[in-house]
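Remarks on the structure that follows.
Each chain gets a letter, A, B, C and D, in the order it is written, and its residues are counted from 1.
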Amino acid sequence: MATPLTRDQMAWRAAQDLPDGAYVNLGLGMPVLAANYAPGDREIFYHSENGILGVGPVAQGAEIDPELVDAGSQRVTLRDGASVFDSAASFAMIRGGHIDITILGGFQVAGNGDLANWDAKVPNKGPLIGGAMDLAAGAKAVHVIMRHSTRDGGARLVTTCSYPLTAPACVKRVYTDLAVLDVDVGLAGGSFVAREIIPGLSREELTAATGAPLIFAPDCRELVAPELAEGT
Amino acid sequence: MIDKRVDDLQAALAGIGPGASIMISGFGNAGIPGNLLHGLSGMGLSGLTMILNAIRRLEESNPVFFAEGQIAHVITTAFRGPGQAPAAFERQWQDGKLTFEIVPQGTFAERIRAGGAGVPAFYTPTAAGTPLAEGREQRDFNDQTCVLETALTADVALLRAEKADRYGNLFFRGTQSNFGAAMATAARLTIVEVEEISDQTLPPAQVHLPGIYVQRVLQAARKD
Amino acid sequence: MATPLTRDQMAWRAAQDLPDGAYVNLGLGMPVLAANYAPGDREIFYHSENGILGVGPVAQGAEIDPELVDAGSQRVTLRDGASVFDSAASFAMIRGGHIDITILGGFQVAGNGDLANWDAKVPNKGPLIGGAMDLAAGAKAVHVIMRHSTRDGGARLVTTCSYPLTAPACVKRVYTDLAVLDVDVGLAGGSFVAREIIPGLSREELTAATGAPLIFAPDCRELVAPELAEGT
Amino acid sequence: MIDKRVDDLQAALAGIGPGASIMISGFGNAGIPGNLLHGLSGMGLSGLTMILNAIRRLEESNPVFFAEGQIAHVITTAFRGPGQAPAAFERQWQDGKLTFEIVPQGTFAERIRAGGAGVPAFYTPTAAGTPLAEGREQRDFNDQTCVLETALTADVALLRAEKADRYGNLFFRGTQSNFGAAMATAARLTIVEVEEISDQTLPPAQVHLPGIYVQRVLQAARKD
């Protein structure tokens, strides 16, 4: 019986793909957990869209400054080499294609790379967009962390997103609790390519859980994550 | 002689009337002009247009804006209240008493920057191919579909900074500048509350926003 | 016999109209001389489009820094309250309508406010535009200093500019060696309104030297400038 | 480990080839990358596009660019040589060996800023109603006629700054940033010569341009 990855394990796996020297923006939720798990020998600059390049650890004690926060409104510190700037400059950095990788949460990803991660349709509630559309359209690479299926077992990896799009044809890679998958726009309509799959899960089971064409990379490997205490 | 210092909240907010469009700085708890917002909400103005990143924080800190229905229109990136039940502003929206425009955060910042920089309109790929682009003018550049966005300007901008001098030069602490730096350029009247008004002029290296963009500065301790 | 104003006297006259607290950009040539003649009790911030708000006097001796120059490539100092920034920010300040007054040189000004102060037609030479189009289109008020007539006696105040335009309908006031004139777009096609005229020059002589409709303000005064040594 | 320092001029300029488009900072004598220009002019490249504020200074400081006809196209705000006789670049233009595009200085700065900020095109009133707008797309906003301008990007940007650290963070002195700050954002490869490379990291308050926009930094004394 296969054990799906935990939130932290999904974030851990996504963090392993952040290369040394990368400029990275992490979305709220699971993506921000990735900062805890990047290999220690890599120097990574985390960008926060409210105006930081080089976000450091969460502030403790005397470090706390209510006027120094990240995009999740956490009181943070700055790492060595950091800089701060205003929102217009910060989004110019995002929109101008200078962020190497953004890791975002998702509701749905389509085989052509379409991403849906906001929803205007919560009953009686207004919409909430924030910076996701800018990140999805502007970053050099968009990676998504999300569970493979909805709570009631529906597919999140789909042929066509039923939720409103955040940006079309932007996602390169998806980390789920079952697999690591790349978007392959080469096939008509797009498909997913499984790169890694968790131990104990059969290819048939993964295919059944995926609502879009799925192929397996010739070198498809086992996705083995370390045991991790659940993070913040 | 240039002297943009004002003595009290009343002088800082003088002249703002019903129907004004007001840009408000702040991201999280950084750069929030808490004193100015408190003063403004007590003026009992109606028909205000509020231009700010996230409206829910305004309801949390200044519920009187919504209790009295002072706000007619909101331009924002996050129009959603906390919790399961709709917030007061969501109920007013459902009742047709309040309208809003939702804007991606980067487009929001760029539209304000454009308003201050004399750029009446620009194209951006952000939001192309999404529901926000429906019915909008779109055009391809470099094989990328883009949406035409127009500049945002306002009657008033309310900011918080750490330091100011009599010229209106501003020094921001931490991530305090966020939307405020651009808002100051896009409003006809920019009012800033600061922790400290220095008798010494800010040295050029400390000027994050030149005083040309600021009309009034008020000393006031930080108020969330 | 009327004595036309000198360059410095024209600049002096233009400087008298700079109000306390004004943000002012001065073009190359005669306009920059105005900074020498603004009344001492007024606090004026001179903007330089290469990135200074608050240009001070020309640098002397140890003050000289080759990396601190104004738009005329002069090595300058900064006044109290000055700030520096990059060209994009500097032109955003100009183009966003934040400069109260720009004083520019001119080849021709038309009665409708059209300004011509660049020329692509110098034989064998390329064009030179610089920041004049941005200043003319962006400043709240455009004032022009220029001689009333060309060297061969032709009019520079004209009905229609024959030189290529810098910007249409932008000029509010013109300071010449003979008069101070406002642009009045109210009349069909536009006209000039003489506000001040130098002693000894008749209204008929000024009208003859002006190549566009000219009227005299009811309170048209004598334009009397002090004796001035010619500046730099 | 991030380390953007390079040891010599050759390493700084490595990979620039014929036909490259090159943005060059500088206004007057401030912010001129004199060492990099000297090195570049000695590489004997042809077909270069030069994007810079004023071309005459380049001919004065680096005549070899023109003696050898290395430059094919110029985008600039001032395409005029000093003195009465045409300069070398003007003669090459007359002979059809060199083309140029003349751009108002503010539009030049804004187009470069747009290139770095992901804005493919924008409208501006600057140049509307002038010969530069002839044949161009124009459109009215707020009763003002505007011209459509497109972003400028380049293969390479060459800058001078006062200080850098290993992350590529830059500190500018005086009016040294001028066009360079925006050019760094609009080029695929940004190379910076600096007076001093600090072993200490620049503190955030001294970072005028974040290192994300810089690929290589070279220590070199100022060269006009």
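Of note:
Everything below uses one rule, namely that contacts are C-beta pairs under 8 Å (C-beta built on N, C-alpha and C of every residue); 3 or more make two chains touch, one makes a residue touch a chain.
Model, not experiment: these values are computed from the prediction.
Any chain touching chain C that also touches chain D appears here: B. Set side by side, A-B and B-C show the greater C-beta contact count at A-B.
Distance between chain B and chain D, defined via averaged C-alpha coordinates, is recorded as 34 Å. Distance from the chain A centre to the chain C centre is 56 Å, each centre being the mean of its Cα atoms.
Averaged C-alpha coordinates give centres for chain A and chain B that are 29 Å from one another. Chain C has its Cα centroid 36 Å from the Cα centroid of chain B. Along chain A, residues 84-85, 91-92, 94-95, 138 each make contact with two or more other chains. Chain contacts: chain D has residues 110, 113, 117-119, 124-125 touching two or more partner chains. If each chain is drawn as a node and touching chains are joined, the picture fits none of the line, ring, star or complete shapes. All chain pairs that touch, listed by label, are A-B, A-D, B-C, B-D, C-D. Remark: chain D residues 27-31, 53, 55, 77-81, 85-86, 89-90, 93-94, 100, 102-107, 109-110, 112-113, 124-132, 162, 172-182, 222, 224 touch chain C in the complex. On chain D, the positions that touch chain A within their shared complex are 1-2, 113, 115-119, 165-167, 169, 185-186, 201-202, 204, 207, 210-213. If you check the complex, the residues on chain C that touch chain B are 20-21, 23, 43, 45, 47, 53, 78, 80-85, 91-98, 138.
Interface residues of chain B, counted against chain D in their complex, comprise 110, 114, 117-125, 141-142, 144, 146, 150, 205. For chain A in complex with chain B, the touching residues are 48-52, 65-73, 84-88, 90-92, 94-95, 120, 122, 124-134, 137-138, 164-169.
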